Amino acid sequence: MLSEYRLKRRVQFYETDAAGIVHFSCFFRYMEEAEHALWREAGLNIHEAGRGIGFPRVATSFEFHRPLRFADEFEVCLRIVGLSRKTIRYSCLLTLDGAKIATGTLVVTCVRYGPNDELASTEIPREIADRFAVASDAARDEPSQPASVEP
Amino acid sequence: MLSEYRLKRRVQFYETDAAGIVHFSCFFRYMEEAEHALWREAGLNIHEAGRGIGFPRVATSFEFHRPLRFADEFEVCLRIVGLSRKTIRYSCLLTLDGAKIATGTLVVTCVRYGPNDELASTEIPREIADRFAVASDAARDEPSQPASVEP
Amino acid sequence: MLSEYRLKRRVQFYETDAAGIVHFSCFFRYMEEAEHALWREAGLNIHEAGRGIGFPRVATSFEFHRPLRFADEFEVCLRIVGLSRKTIRYSCLLTLDGAKIATGTLVVTCVRYGPNDELASTEIPREIADRFAVASDAARDEPSQPASVEP
Amino acid sequence: MLSEYRLKRRVQFYETDAAGIVHFSCFFRYMEEAEHALWREAGLNIHEAGRGIGFPRVATSFEFHRPLRFADEFEVCLRIVGLSRKTIRYSCLLTLDGAKIATGTLVVTCVRYGPNDELASTEIPREIADRFAVASDAARDEPSQPASVEP
């Protein structure tokens, strides 16, 4: 059972903006890259054509402490901080040479696709849920609102 | 003095993902588009080459209620909900045909660029601060109190 | 029958890069935005869920003459320069205040989606092909003859 | 002296679109990632703040043969096929498990930044040009127009 993934990543030029730093929207892409890498390491594909279920994002946030610039090689540490029947909660810490760059949160929920692409809330299939566990020190690592980690 | 901007926008194809909906990172771009349009309506350019100051993002969030799909024409309503000497706080509501799609928050701070692109916190210049005001019903609209977002 | 579309568009901040100009990959998005707007003006949706056909891109190019910067308001002029049973060819001219910024080409082909998302070449349905025509001065505008692009 | 770079890359979810495949604009980003990796391997940074020169793109193209989908792990092979006093020409081949996905071209030129961000054509500095050479089999590999490889 996995609880955490550490992704090494380099800033690409198209992720920077005219202020010379990574555009803030890209941090959400970095966080999702780490999530998908965590799923792959668990032997899972978060978006499998034809499976009939998906994991849309229901809430996300980032606090930015220092900028990232072109070619910086940073680390994304993603942890599972909450796991309920229908929902997974992650926290995320970006660092560059040990310095804190940004902290993020992400909540995803399991849905079943209906006939007209309607999304209906559903339970996370056991073969998926069984691969993940809440990080043992999740409360300590939740970036900003530890009291609200899912019961 | 301006407090709010309403932006009409259509979903572009490159903003959708393989789940058939707008990728969640794009909502932050929509919110920023509305912010920059608000500044333009106030006669300001948020990123002026050579001015020596900038407005990096320090915190942002979104809650997603319903998906957007290709070609949807939605509305972004951005409001100023906080204005201090160095910081502007916005809240944001995305709607599609009157239905709530997502609610966001954004906090930006004023910095002065140093010799090596160092960022030093500084006060918002008066000629900028004087163009903006907190929305009169900002407390009611703060997304952190979701029950009160919509009238 | 339509042959051309003129799109007014403003450069968004997230489209710029650390060189202070629009990233070259975004020009392809601008060209596609104009294509989809042309289809909408013809009463068509180029990507309709459940229709079973699509229009993948088979070849595209751009030549860049001058940069675009944040907040520039430019024009995209897209023209149909070729129309065969299975293929549509466009040429594209981007201008800023009348100055030539870039010239592009795009070729799309009609495919039918098979059971496993296989793509099989197919004829453009008549109800689509009947809405479009080759621009009368297409030969003159083909970007591969740059001297004749502008009147 | 380097002439070629092979980049392994996985398709990220935000690079797919509602047709279930990688959006065509992302191929240009993949090609540029390989270019920047080639420069890094040569001990160079293509975008160095304060150096006063840059390498804007002047022309680029892609032909698309097969689609890429989420999580595909593909290879980008970038080669230098032309090198003159002011210009570098690359060709690019994307493959997935040995199957040809797409072929691209990219031409970049050296410019000096003037006082108002004006771009003036200039010679590639020797310490950069000396690190690169045209691939010995460049003519053979040029995807579509071998006769036009730079004299």
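Things to note:
Each chain gets a letter, A, B, C and D, in the order it is written, and its residues are counted from 1.
Keep in mind that, in the parts below, a residue touches a chain if its C-beta (ideal position, glycine included) is under 8 Å from a C-beta of that chain, and two chains touch if they have at least 3 such contacts.
It should be emphasised that the depicted structure is a prediction, and the values quoted were computed from it without experimental measurement.
For chain A, the chain whose average C-alpha position is most distant is C. The contact pattern of A-C recurs in B-D, the pair among B-D, A-B or C-D where over half of the contact pairs coincide by residue number.
Note: centroid distance chain A to chain B, computed from Cα atoms, is 23 Å. Chain D has its Cα centroid 35 Å from the Cα centroid of chain B. Chain A and chain D have CA centres that are 30 Å apart.
Averaged C-alpha coordinates put the centre of chain B at 30 Å from the centre of chain C. Residue positions of chain B with contacts to 2 or more other chains are 13-14, 18, 20-21, 25, 29, 32, 47, 49, 69-70, 117.
Remark: chain C residues 18-21, 24-26, 28-29, 32, 47, 49, 54, 56-64, 67, 117, 119 touch chain D in the complex. By the touch rule above, chain A contacts chain C in their complex via residues 13-14, 16-18, 20-21, 23, 25, 49, 69-70, 117.
Across the interface of their complex, chain D is touched by residues 12-14, 20, 29, 32-33, 36, 40, 45-47, 49, 69-71 of chain A.
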